[in-house]
Structures are given as C-alpha cells and as structure tokens.
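Got a structure here, written out as structure tokens. Questions coming.
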C-alpha cells in the first residue's frame, strides 16, 4: 500500500494534465484554480513521502533487468522533489498573473503541469534507465514551453534547445550502453555499483563516465554545450524562471550527482582518475559564465549567463569527490534555485509592468517598485555570497570541500567568479535605486511619478516569500545541512 | 485438435489464395469489403491461436500433402515464423480496415475488387516465403509477391505509378534472376532443394566447392537485397512508395520488403549454417551496406520535399538497421533484426496511414504545406508523432529498445565504434521528423488561418490507426517477452 | 550578558522603525534617532564597570550556522565607546546638516544599519560573524557614500564597493585557510594554533589582513579614500574616517595580537607601511585645495601613525603593552578631532555649498565659536601640548625610543626622525587649512551667515572640543584602564609613565617648528600664486601618477578585454563553426558553371550572326576549355553569356536523372561487381 | 582454364546472362529491355537444366516404353525450370501490359524521351 502512495506524486500531475487538455471538463476560467489545486495536492503528497523514513521502492514495469521502470525514494529524492514542488507552486501563482496578457494559456498550463510530473519522475527514478527515460521526456515537454510565444525567434531557439538536448541525450545513451555492457545493472546503489576497483576495463569506465558527464552536462549548461540557455530566454518569464533556473538545469545536475555517487561511486572515479579531464570544462564554465554576464545588457540574458556560472559551481562541488564538496554542491543547488528564481521573478515583474528589458532603461525604477527591487538586491547579495544570506553558506561548504581536496585553485576560481557576480548584479540594483535621471516612462506618462508600479500581489507574494526563505536559510542553515547529512551518508 | 493447429500456416495461405480469386466476382463494393475483412479477421485469429500454440509447444516441421522431406515441400514453423506470420496478417488487417474508408478516393470504383485480390495474393505469397523450408518454393513465392506488389502499385494508374512499377518490376526480376542462379549453384553442389538436406550436404563436402558457395551466397545477398531495399539497391523504393496509394504503400513498406529478409536469414543460417557463414566475409558486406543505409537513408530523407518520399527514405534507413543487425553475426544481433522487423512494420504502417490521411484530407503533398496541420487534424498528427517518437528512439517505445539492444549486440561482437554510427543515425532520424511535428503543432505563422479540428476524419475511420499505435506501444512495453519468444526460435 | 545582544539589536530595529516613522513625519524621526543613539551610548557606558575587571562573552547558538559569539574586552570596549559617542554626536549634527538634502529617510535608514554593523564588527569573537558584519558594513556604508547620486559620487561609490568586495573575498580566502588549518572559527582558539604553523601562517595573516587594510586605507589600497570621503555627505564622511577606518585598524590589531601573537615580520611590515602612509598622506594633503580632501588625506597619514603603533606592539613583543595602549589612545583621540574637523567643514559646506580654499578663504574670520572649536581640533591633531593628540604622540614616541633601546637597531633611530618630520607635515597642512579659512580677511563674509550656524550643529563640536581638552589635561583617566587591559592580556607591567616630561614637550615643539617652516617655505612660496585679486592655491598633484587610474585600471581593463574575447569565442564556437559550414556549402552550391558553349551560339540573336560567320569554322576547335577562354576575350560583343546554371540545380537534375530506370540498372551492375570484389578481396 | 573448359555449360550461361544484361542496360526502348530480360531468364534456365544433364542419357520423355531408370537424365531441374519459365512468361506479360499503359500515358516508349518529359 505504501508503494502506491509513493507513486501518487507522479500520477497526480499527469492526471491533471489530461484533465486540462479538454475544454469541457475544465472551463477556461477554472484552469488556473485547477492547476493551483493540483500543485498543492502534489506538494502535500511529496511532503508525506518526506516523512516516511522506510525505503519505499516499486517496479512499475519490469520486463528484463535492463528495461524496467523502477522508482525508489532515498534522501536525494526527497531533497530534489521537495525543492521542485515548492518552487512549482510559487511559480504557478506568479504565472497566473503573468500569463494574463499572453495567449494560449491552456497549452501553457498543460505542459507546465506535465513538466512537474516529469521532474518528479527524474527525482523518484531508482535506476539509470528510468532516469534517462524521464530525462528525454523532459526535453519533449519543456519544448512547447520554450516556443510558447510562437514567434520566429522562439521557434529558432526551440530548435536549438532541441538539438542540444538530443545531442546530450545521445551522449548519455552512449555512456549507458558501455556501462550496461560492463556491469549489467544500472540501479542506484549507495557508494556505486562497482564493489571492487580492479577487474574492470579502466578506460571503458573512464570513457563511459566522460560521455555521461558531458551528456548530462548539456542540460547542466556545461561550457561547450551551454549556448542554448541564453537563447531559451525568449520564453515567457515563468518558463525561463522555473525551467532554466530550476527544473531543467537542476535535473541535469541531479542526474550528474546520481551517476557520480550512486552508479560509479566516488572511490571508483578517484581510482579511474577521470576528473582531470572534466575539471577544465567546469572551470571555464564558472569563469566564462560570470564574465560574459558582465557584457549582457538584456536582463534575462545576464541572469542566464549567471545561471551557467553558478551551475559550474555545483559541478565543481560534485567533482571534488568529498563529503563537504557534495554538501556544498547540493546546498548550492537549493540556494541557487531559490535565489535565481527570485531574480527572474523580479525581472519578470519589471518587464510585465513596464515592458523594460534592458538595464539602461530601468534607472530610477527602484523608487517606483521598491519591494521588487529590494528583494532583487537581497537575492543579488545572497548570490554573491555575502554572509548573512544562504549563498554564503553553500560557498562556505564548497570552499571547505575544495580544501579537503587540497586544491586552492578551486577556491580562487570560486572567489574570482563571486567578484564577477557582484560585478554584474550590483550595477542593476544601483541603477535602479541610486541613478536618478528622469525615468522615461513613456508607457505610464500620465501616471504621476509618485504612484508605485508594484506588480499585483499574486506576483509580489512569491517574490517576498522567496526572499524570506533566502534570509531564513542563510541565518538558520543547520536544519538543511543535517537534512543533507543523510545524502552524504549514502554517498560516502 | 492437437495436430490440426499445425494446419494453420498452410490453411491461411490456401484461404487467402482462394478468397483472392472469389473477390473480383462480387459486384457490389460493400460485399467485397465485407468478405475481404471477414477473411482477414479469420486468418489473423488463426495465426494468433497458432502463435499461442507455438508458445507452449515450440516449432515443428510440416509436410505439405504428407510427402516426406526430400521430395515434398516442407514448411518449417518456429517461433520466428509464427510471430512474423501473425505480424503480417495483423498489419494487413489494419491496413485493409483503414482502406475501407478511404480507398475509393484514390482508386477508381471498379478497381477495388482487383486491389483486394492482389493484396490477398501478396499476403499469401509473403506468408509462403516466411513459412517455406524449400528454397525453390521460396523463389516461386518471391516471384508471386513481386508481381502482386507491382500490381498494387499500378492499381492507381497515374503516370508516376506506371513508371515506378516498371522500374520496380525490372529491378525485382533482375533480383529473382540472381536468386534463381544462386539456387542453381546450391543445387549443383547439394543436389537437394530442401534447406535441411542442403545444409547437411554442404557441411559434408564443403571443402572442394568453397568458391561456389561464396558465389551463391553473394548472389542470394544481392538478389534478396534488392527486394529488401538494401541501401545501394533501394532506388525503386521511394518512387514506388510515394506514388502508390497510401494503403498499398503502407503494405509495401511494412511487409513486402520484410519477407525477402526473413528468407535471406533462413538461407544464411538454415542453408549455409553459422560455421560456413563465419568463414566468409559476406556478413561484413551486409554490415557495411547496413551502416551506409542507416546514415545515407536519413540524410536523403532530410532533403526530401514530399512527405511520403521522406517516410519512404526513412524506411530505407530502418532497413539499414535490420541489415546492420544481421551483419553483426551474433545471436542477439539476429534476434534484434527480427524484433526490428516487427517494430518497424507496426510503426511504419502507422506513419504511412497517418501521412496518407493528411494527404487525402488536405490534398497537399509537400512537407511545407503541412505547417499547422496539428490544429486541423490533431489526433492524426498525434498518432504520427507517437510513431515518429518511436523512430527517434524515445525510451519505452520499440525504436529505442531495438537501438539499445543493437548497441548491446555490437558491443558483444566487439565492434565498439559501431555505437557511434547508431547514435548518429538515431540523431539524424530526429532531424527530419521533428520539424514536421513542431511546425505542425506550434509556431505563430504556421497556425494562422487554420481552423481547429476543421479537417478531422470521423473517429471510426481513425480506429485502425489508434489500434496500430496502441499495439506499437505494447510491442515496446512487452519487448522483453517478444525478444525472449524470438530467442527461443532463432536459427543460430 | 544579554546587554551585548541588546546593544547589537537596538540600532538594527531602530533603523527599520526610524524608516517607518520617517515616512510619516520628519521631525519625529530625527528625535527618535537622537534618543535611540543616546540610549545606546548610555548602555555602552553602563558596560564599563563590568569590562574593567575582565572581558564578558555571550553565545547565541546556531545563528548563521556557527552561532553568534560576542565578546567585549577593553580594546573592543574602547572601540564601542568611540563609535557610540560618534554616532550620537553625528546624528544630532546631521539632523541639522541634511535639511537641504533629499531622500533623508533612506540616509538615516542606512546610517543606523551601518551603526549596527560596526557594533557587530567590534563585538564578534567568531571570525565568520566578524566577516559577516564587516561585509554588511561595507554594503550599508556604500549607500551612504553615493547618497548625492551625482556622477562623482557614483564613480567614488563604484571603486569603494569594488575594493570592499574584493577585500572581503580575499579575506574569505584567508578565513578558509585558517579554518582548514586550525579547525576552529573562534579567534582565541585560532590564536593558540596559528602561531606554530610554519610559514603558511604568514599567508593566512596577510590574506585576512588584506580586507582590513583596504578599510584602513593602507598604502597600496588607499585609492578609494579621498574619492569616497569627498563624495559622501559630511556626517557620514566623518563617521567613515572616524569609525570605519578604526574597524580596519581594529581588524589588523586582532590579527596581529590575538591570532598571530606579536609576530615580528608582520609587525615590521606594518611599521614600514605606516611610514609610507604618513608621508604619502602628508604630502598629498598639503597639495589639495578642497578642504574635505585635505582632511581625508590627513586621516590617511594619521592611519600611518597608528599602523606604526601596531607595528611597534609586535616589535616590542613582551614590552609592547605601552605601545598597545598608546595605539588605542591614538585611535580614540583621532576619532574625536577628525569628527570635529569634519563637522566644521560640514557647516562651511552647508552654508556656502563650496569646499575649495580659494573660494571660502576668510569665511571663518568673524565666526568666533566655530573658529574656537576648529582651532581646538587643529591643535589636537597637531599634537600641541595640552591637547589629546600630544598625549598619544608622546607615548608613541616613547615606544619608538624603547624599541630602539631594545633592538639597538639604527633603523628605529632613523624612523624616529621620520616620525617627527611626519608630525611636522601634519602641522603644515593644518596651518594651510586654518590660516586660509579663519585667519584671512575677506570682506564679503563679514557678519553674514552668523545666524545660519545653529546651536544643534555646534553642541556636538563643543562636546568633542571639551573631550579633546579633557584627555589632553587628564590623560590618566583613559590611560590607566588601557594599561590594566594590556597587563591583563600578558604584557609586562608598565612602570608609571610621565607624559608631560620636558623632552616630550621639546619633541612636540620641534615638529611644530618643522611644520611652520614647511608652511612658510613650501606652501606659501610654491603653492600660492599671487595674482591681481589676491592669492590662489593651485594643486600640482593632479597630474601626478596615481596608482589607481594609471596602474590598476589599465591592467584590469586589458585583462577583462582579453578574457572576454576568449570566452565569447568559446561561447559561440558551435554557432560559429555551424555558420561557417552552412556558408561554405551554400557558396559551393551556387558557384556558376558555364554549361556547354555550343548551345550558346544557337541562341545568338540574328543581328549578330552575320558578324560570327567567320568564326563558325573554328566551332569544333571550341570543344576544349582553353579555346573557350580565348574566344571569350575575343568576343567583345555583348554575346549572350554561356548558359550558366547553379551547381545546385545541376545536382538536383543529376539526381532525378540518376534515379531513372536505365541508370538504376547500371547501378545494380556496379553493386554486383562491387560485392564480388569485396568478398574476394577481403575473403 | 581447365575448370572453365570442363563446365562450359555454366560459362555459356553466364555469358548469355551478360549479353541479356547489356541489352537491358544499353537500349532505351522498353521492348528491347523486355527482350533483354527474357534472354537473361533463358540463360538461367539453361544453366539450371545443364546441371541435371548426364552425358549419354536421354531426356525423360516417354516415347515407346519406359527405359531403365538409369537411362534418363536427372528430371528434377528440368521440372523446376517449367515453373521458372512460367514465372518468366508472366513477368514478361505484365511488363508488356505496363508498356502499353506507358505508351498511352507518354506517347513514347523511349525511356530517355520519357526522362525529359518527366522533367516536370
């Protein structure tokens, strides 16, 4: 019985999607309420999966030992599913308001809910085959969201997103094939499936790990395959906020953690010594992301490049192969998700209210939209890693992890990139608050300068809650850290 | 009852032959349809029971007319033959059921009877090829199938049809000529025509006649290669498929090019046997043509303008997969060849029928004109997408299963580099299927001026398509059972 | 115990409540702020008896992961006291000063936040908390620096923030290393482990001190100071130079004393940097015309003195007690007279809105009260006997002599002379300032503006002046608790110190004399240009090589350009190659191919055919390419150009031809032959 | 060369097959192609029948009475070739029908002309 309940979080969103599609059952005005209901129910289900501590697992379809859809809950699943469902609800509220002036909202909500089901699938998957199946489905059901606006440019960026994702997926398949031919099993077992180090063909394992790392790296915006992310910014803000800051890229990172610590195992990777091939990619991602963000004048593009650089942090944390590094990576996964989604929401509400997309246009806007910009600044401060906020906590663990791997170069890279992060985030809030030449609000000419342009409570409410979470996680991080202790216990 | 089930293969051929000649006698169109469908349902049910029987009791030899082996014609019925037989009957039933609604739009009124006759003859000869254990008998059935296939191409007498038919007939008769010459050489060595006796003769005195065996093997390969659309010899396929009416192009692509391959496999492993085969390089030749087919088939498909020609070239690519599987030479490879025949038959017929209904409803031919068709015929494009996804290799669907196991087989046979070929070709598949789907469903300018559900076909006409796609998904889901079932009957 | 937490939380809450009240009514908010800072001052004062005998600590569990660990000993208490006093006085002062300025509410909000952060820095024992408050302080003080929102303040704010964050990150690097080697985050425990770590400890010390050095504007990292102080509104620049400068020095003391316990090489380094700061600050201060800039450079040179004091603490080792208390006293005194001077300039700026000496010379001639307070401030700064500056300078001087006796190293003898000359420099630029503003006679300022100088602005200056004189006259009141603290933390007992001894007075007279000499000879002669309307100072140092604009910026810009070019290349290498490939194929496919030449003649229009008769005979010669080329040149007529068709069309036509029946049979033949070859060759 | 000499039958058949193929390949006229195909088929039948031939034995046709069973040539290949001939004839018939249809549609059965016409 427990297992059926375990499957519910996956089933409910899919059921919701099917219901949304036909107009008769869900009339147009009930769509948003229905979506909210589905998401909240799903959140409760994920919560109850959180507290049951026994190892729930279920083979939905086991044909042969390779082709089986196998779901298992462990600490890592809980972390990712909780993060995803919380942020999904907040984005839903934000989207209800934001999508008012967009068209084809029904199609948007269908794929919006379906993506949640797929993300939870990725979180719950117990073996690499299920993970790969959901990973492919993720591309398919996020594609319509990316090309939602339907313009020529959106189609082009959708095409590019597709090409990158499928190339990545085929790399992953390549790696999986070789792995399966060596080991014959692909279920996630703590500390990896290779119990003894020798007895396996070293360079086959090395080749398979590199292939899978780069394959999943495409979704985690690793350097050579990252340029789909800035282009995907053409999507409406809730999409680019949720998907390209949280869901899609994090599923890439989540799967990397899965294969590194639950398939190959840290000891095997150390033995095979494969990280020295991958570190250059990661380092370039970190520095390049933040440096190029300095160039972008378009707000969302700047945040996109910042995502690339922050994901590089997480990958660095994974490749450190020590407990502190892993905690730092997962913590940064959570913190970055929360911070980046706040930044995107703030940028979204700016463009929603004043149709301004460029930094030079938003001078003096801070006085009109104080709450939005305050939250933006707090999130920016946290992303740079200034102590009282949560960004610092994860940078702290990443730093300590780097030291355990006795590699000072990582810390230098982390701090250099933190400096660039300050370089591209603070000017935004400075121009908003402190630059005071007359803001040319041609749109709201008749609106007197004094009245505030704050977005409606639906949009503001998620932003404020997320900022509170940022500060709360920053000041009381211990709760999260010992929650992650469980994950590290599995991995090492 | 126990041994009467063994009559099924011969009975189904006989019944089809007889009803083929009764059909033209009927005057009214509805009588023809009712009789044809009735016969088909009857034969399919027979085969279904036969497969179940085989599943429990395994294969057997059946002497036609109780004449013992060397002289009488013997039918060898194993797991593979019964499965393929069931597949052929089922697909033919679905295609006929589909054509029940749309045939009169493509063919003149009085030709419908002839179409069904030719179709039954074709099916009978295909079943004959699959079941027969005597190579000359196989040759005769081969000839009958060629003429019948030419017939159903020409039944719609337009300029392109006739030209395509002539080209197909000339090339096929060339092929049959080579096959006959091959039979002549094999007969000269062994003095027998029944496969088992030839095999024993070849094994005893194979030493002296080495290059005769080699020549005959090449002749068989090239001869049957033309009929099975091996890559360089596939030129007749695109013209034949694109000009023929959609039901017949579905039959052509799904069944007609499959039977010769089964015959080729039987000749390789039942006549020559694995040892002699391993001694020669013929399998590498087949592998080479398979790889060429996979890559260039997709490349040509990408550059096609018309929808049906594109799908035709995709068949060439998929046949490339089958020849690749045979060329690997190990047991898993052969099993995957048979499995891919089943998967491809179901998927391709689905694709051709949905493409046919597009062309029939909109009257357009080229892919660009099908932009925004998703709005007008959502369900049909949905089915088209599902089968396209299987082609591309989305997990759980059959396409992925066969790609995955092919990779395992190629690793088993030690040729790791072939993985890259597999990956590249599945990527190329995606390249030419996705634009149709994306432009069908999304894109601002694609959907302009398209009325929702305007060109929909009534649901009952779509029923066969829906059943086909459901079966396709089931073939994917229960691939484990199918592979294991085929594995029991494979010839190595 | 929890008074420490109250002291920390009060200004934090006050900031928010003040902002809320501010939106309602300005007057109420000013009153609220003054009352708040007054309470804070009282709370700090009540702490004194407890601190006097031994340090008090308080631990708030698992805030910020590591818990908030607050500790106040005498050193920290001194810092707390001056910041509480300074904030109280500047709040009173700024309520009057800011009337003309806009968005005051935001100003007070960040004003109070900086106050909370500074208190946090002085109180925190855990290095992470120290770092947190330190970073918070730079961010909130940034808002104070760019309060005027004009181009100049933005430029100053940018370099201030950039250096603050860079410093913070380097410090974080040091903290990482310290945590890795010592395993603990408490400064005291670190102090036990770090000293015996081998040469890595110098790397850690320097990295951590880097952040503090920026805030203390030590030599190479001082470039932000003059810009930030002049750009900021006067009360905040007073606090910036009075208190925030001290946080930097406080950090350096913590690292040297508590973490590294008097490590000799670091002490010597600080000592030399102090010297450099003194001279650089002094010379540049002399050159300036803007009075705020003069005082800014003067704080840089005073920091030099304090750095020398800290260095001496390290050098003297066990006997460093006196040097430590001298440095702390110097920091207290410097806070008082620096804030006083800034308040003075604030009043001038408030009234005239102008800061350059040439424009405001003679303003203060008739303003008796302002003149008196300003004079006390100047004398305090110049270490005139009887004022607090004299006390701390003589103590420092004693420490240098003691260091000389201890090490018998001539280096200290020379640095003692530099010490005196440095004092002289201070006197020189202070004279320049005072004489120009208060001594010059300037008719158009007679009697005017007296009523504008309000009581609320003058009271704080009066209190400060009183304190300066009090410490000057009764130094032991402050000195004895400091000395007891120094003995408390392990220095040797300090014999009774005589301040007003004869040779100390002689030394201060000597530096005064040098100052006057420099003023007469250099400033009057060189910098003062006589022209018909009277004199005007000019500032030669504008053209000088300034580290920031000539060294840091060009290097950083170049690096930035190189790397961004490299990364943009990496960024779209995939698109780049794809585009090149696509263009390549496209260009190949539509290269023009001249098809057969003979057809061309058939299509020649009739008129031209007569002309071509003669050429017909050569028709068959045209088959080869060379002939064709020659014939083209020969035919200057506008002959119909050879029927050209794109290669692409050729391929498509070829393809359709290729799939015709006869060609497919041909292909079949080729494949059969190929198969035979393949099998036999490979077989 | 000795092998070629003593199974001249196969060589002849292959040679005839080559001629048929060349006709099929080079002539544009459809009828000539059909003739070429027939020649190829007959060459194969010749090869097949020649396999059954035993020197000095007669064809298995009953003229007077049945000779001793060893007197006859191996009958199986000849029997098989009956079917082969039937197949070849039906293919030729079908081809000729298609040629007529082609003529109706294109007005010519010269394949290169059809090629140009079809250039649409």
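Going in written order, the chains are labelled A, B, C and D, and every chain counts its residues from 1.
One rule holds in what follows: a contact is a pair of C-beta atoms (placed from the backbone, for glycine too) under 8 Å apart; a residue touches a chain by one contact, two chains touch by 3 or more.
Predicted model only: the values in this text are computed from it and were never measured.
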| item | value |
| --- | --- |
| Given chain C and chain D, the chains that contact each of them | B |
| Chain pair, B-C or B-D, that carries the greater number of C-beta contacts | B-D |
| Computed distance of Cα centres, chain C from chain B, in Å | 76 |
| Approximate Å spacing (C-alpha centroids) for the pair chain A, chain D | 71 |
| Whole-Å gap separating chain B and chain D, where each centre is the average of the chain's CA atoms | 29 |
| Whole-Å separation of chain centres (CA-atom averages), chain A against chain C | 35 |
| Multi-chain contact sites of chain C, meaning residues that touch two or more partners | 661, 665 |
| Shared-contact residues (touching 2 or more other chains) in chain D | 24, 33 |
| Multi-chain contact sites of chain B, meaning residues that touch two or more partners | 163, 166, 170, 174 |
| Listing of all chain pairs that touch each other, if any do | A-B, A-C, B-C, B-D, C-D |
| Contact set on chain D toward chain C in their complex | 21, 24-25, 28, 33, 111-112, 115, 119 |
| Touch list for chain C against partner chain B, complex | 659, 661, 664-665, 667-668, 671-672, 675-676, 678-680, 682-683 |
| Parts of chain C lying in touch with chain A, wherever the complex brings them together | 62-65, 128, 131-132, 135-136, 139, 143, 146, 149, 154, 157, 161-162, 165-166, 168-170, 172-173, 176-177, 179-180, 560, 563-564, 567-568, 570-575 |
| Touching residues (chain side chain C, partner chain D) in the complex | 653, 656-657, 660-662, 665-666, 669 |
| Of all residues in chain B, those that touch chain A in their complex | 389, 392-396, 401, 403-404, 407-408, 411-412, 416, 419-420, 423, 426-427, 430, 434, 438, 441-445, 447, 477-481, 483-484 |
